[in-house]
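Read through the structure below, which is laid out as structure tokens, and then see the notes.
Chain naming follows the written order as A, B, C and D, and within any one chain the residues start at number 1.
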Amino acid sequence: MLETLKQEVLQANLDLVKHHLVLFTWGNVSAYDEETKLVVIKPSGVSYEQMSASDMVVVDLDGHIIEGELKPSSDTPTHLALYKAFKGIKAVVHTHAKYSTIFAQSKKAIPAFGTTHADYFASDIPVTRTMTRNEINGEYELETGHVIIERFKELALDPLSCPSVLVSEHGPFSWGDSCANAVHNAAVLEYVAHMAFETSLLRDDQFSMNQDLLKKHFSRKHGKNAYYGQKQ
Amino acid sequence: MLETLKQEVLQANLDLVKHHLVLFTWGNVSAYDEETKLVVIKPSGVSYEQMSASDMVVVDLDGHIIEGELKPSSDTPTHLALYKAFKGIKAVVHTHAKYSTIFAQSKKAIPAFGTTHADYFASDIPVTRTMTRNEINGEYELETGHVIIERFKELALDPLSCPSVLVSEHGPFSWGDSCANAVHNAAVLEYVAHMAFETSLLRDDQFSMNQDLLKKHFSRKHGKNAYYGQKQ
Amino acid sequence: MLETLKQEVLQANLDLVKHHLVLFTWGNVSAYDEETKLVVIKPSGVSYEQMSASDMVVVDLDGHIIEGELKPSSDTPTHLALYKAFKGIKAVVHTHAKYSTIFAQSKKAIPAFGTTHADYFASDIPVTRTMTRNEINGEYELETGHVIIERFKELALDPLSCPSVLVSEHGPFSWGDSCANAVHNAAVLEYVAHMAFETSLLRDDQFSMNQDLLKKHFSRKHGKNAYYGQKQ
Amino acid sequence: MLETLKQEVLQANLDLVKHHLVLFTWGNVSAYDEETKLVVIKPSGVSYEQMSASDMVVVDLDGHIIEGELKPSSDTPTHLALYKAFKGIKAVVHTHAKYSTIFAQSKKAIPAFGTTHADYFASDIPVTRTMTRNEINGEYELETGHVIIERFKELALDPLSCPSVLVSEHGPFSWGDSCANAVHNAAVLEYVAHMAFETSLLRDDQFSMNQDLLKKHFSRKHGKNAYYGQKQ
């Protein structure tokens, strides 16, 4: 079942390696099929060199395995929580990419410092709060999803206008309207994080950029008045 | 028309990828043909892997499309403004290369800290002022050209002696007397920016280098007394 | 003798190059054979391009050469000291990988700043004390082993829960239950060291992470309650 | 004439590219032939892709061209000054490698912070003084050689125990007893410079390392009591 989607999820996982976002078996990509309400996700701890489309695991939104020989990624409950809460997202990516993770480890949001950021993210990229002992020792991966959703609610952020988050002391999650788009966002996040890190060492202040310029660049590429790229 | 120049513009765009100056569809190169007064420029949002010479768009200096199926780069009005104002430049490059952009995001000029810089740039590399709300919400890309030109006028800089600029909170533009030379300058800018960034963390002061040494190195490679390289 | 292990040690040494952990002839890997109580180790100062399995040197735990035409690595006495003191380790890796060495040169332990670290190391990664003049001018490489062992004793650290150490003003040693695993740990150490270095520049404090989260992540991947990866 | 040496000099120049020490036509290597007292050096401003052994230029120690169609490197007088002053060196390398140049641009010596440094350099790696206006506007490249030699004299440094120098606001020169060895030293210099740069950001003090450890590591690899590597 969902053979085409499995192939896309496999390719997206391999693209994490190509974009230098993962080491060894780290990282994972999943995709959501709206029609069947099922999720296809990478198996846990399998090396990228040996992974094939048939290794992808199919689960329902409650985490029951519907198809697949292997255990799904241990981060599956986080992915599922995001699909349930964030309407319109079709794929989720988790990596430990270096500069995204450095901000997460520093418990700091990534400030919007320039138009490269604004071309993809309509705001600073938020960081979650520290998790409680009960959350950590309870259903940890599910609670990880909950602190992400809580943060977006607090900031009244639209997940489609800010397709990434940093989990405090952990690392980034990104998403999009397709597997390819979610990986694209994860790669841009890492590029933007690296530049924001260095910029924060060089700048005299740490304020976000001119908000008019931020809106201008986001709306050049997104929404009904976008004029970047070719007509579809 | 302008088939040779289209081929050069294509190659220059591909060289941005080779020199690691761009990610995905970011960046663009254009070239100016003096005889016809037309400009050849990369199409907007097309992936480098799929681009061919026939995708290049021909526009006149007022931005009218003269030939081409695709929309030209959304930054086209900036390129055209530079060709009109800076006599003698034949090609323009725009990237979001990391360290050039980090200086732009920090709203700081790149100080001339050493002879690597002086071999190509006869001064600090300037940064433009912040744009006004009216400029951003009006003809934004044209106004981007205007703040570059304004900054060169204020500093009485010769664009041929300083073939790059940083647009505040955005990124770099470079130029040259050919496509290859403009890309060469963009790659040197990034190298020099990276070194200046790290140097600024290590140095005890942030002053530019010995001005005699700066002049000596620039004039070793440029102008009538140059003695670097072979006779043409 | 030990031909299979020689092949593994060779491959592990070549993997140091693949993971960018060494330059020229730097670095070395050894493995311990429990049955014969012999150690197979890289020869000293031989280039990775020219090395073959038959160049590997077999020594006993007292450092006597049992088989091999070449001199063993000059760091052999450090490796042997670790095999004698740390029960259960089967392979040792030494590199001058950049960020691991930068912490060693700074005489600082690598703080556990996030879950990437916690997935592999149950604590901060310790740094040894400065060696005395007598230790340096005496049996230097053996004494290097002794200061490592001393530091693990002082901190009551289990070498299997913290499979790496930094030797002050020198560089890292890593180990594992196989050659491949020891190199894996050396590569993760370098990744974690790079992130910890940058994190230390960005963070407002330098404290280690939430200790509940540290334990949770280490125990997700290690010990009897591990649930990361597939069943063996 | 000197066909074998030309081939070695060509190879050494190409190795600068392989070790990522140069961009475009930057950098140069020369070698000194003791028998004929002639020097073989890279031509000025020729691209590495197009260079062949027959392009190498032969000059005498006074800089007269003995053989070759092309102009020698504009840095030739610096190379010649070093051959005359530093007895026993057979090859000289000049690059603008990033971290070596970052220290040069910062007008700071590279402190000996660890054993990676000590394995190759028996002291801090010195930086020259700022050159005077007369030196810059006179025989600039020759005077560059003179300030290097002056600095080694002031510090009573043996060029064979410290085979590199930083020219203030410019970049590094390295040397060795063969072309391959000089390039090796230039590559190690860059590695050591990168680590020293980062170490200087992390360390609590900026003092050089334990001097006993420095001597121990240098003498493990150099001089009559060396025991690293295989017997020649």
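The rule we apply is simple: a residue touches a chain if its C-beta (ideal position, glycine included) is under 8 Å from a C-beta of that chain, and two chains touch if they have at least 3 such contacts.
From a predicted model like this one, the values you see are computed outputs, not experimental measurements.
Note the shortest touch-path length, in steps, from chain A to chain D.
2
Which chain's centre, taken as the mean of its Cα atoms, is farthest from the centre of chain C?
With centres defined by C-alpha atoms, farthest from chain C sits B.
Expressed in ° and rounded to a multiple of 5, what is the rotation angle of the C-alpha superposition of chain C on chain D?
90
Looking at chain B with chain D, do both copies bring the same residues to the contact (over half shared) or different ones?
different
Taking each chain's centre as its mean C-alpha position, how far apart are chain A and chain C in Å?
So the centroids are 33 Å from each other.
Any idea how many Å lie between the Cα centroids of chain B and chain C?
47
Which residues of chain B are in contact with two or more other chains?
Touching at least two other chains: 201.
Taking touching chains as linked, do they make an open path (line), a single closed cycle (ring), a hub with spokes (star), an all-linked set (complete), or other?
Ring.
Which chains touch which?
A-B, A-C, B-D, C-D
Which residues of chain C touch chain D once you look at their complex with the stated criterion?
For this pair, the touching residues of chain C are 23-26, 43-46, 70-71, 74, 96, 98-99, 101-108, 130-131, 133, 136-137, 140, 169-171, 197, 200-201.
Under the stated contact criterion, what part of chain B meets chain D in this complex?
113-116, 184, 187-188, 191, 194-196, 198-199, 201-204, 209-210, 212-213, 216, 220, 227-231
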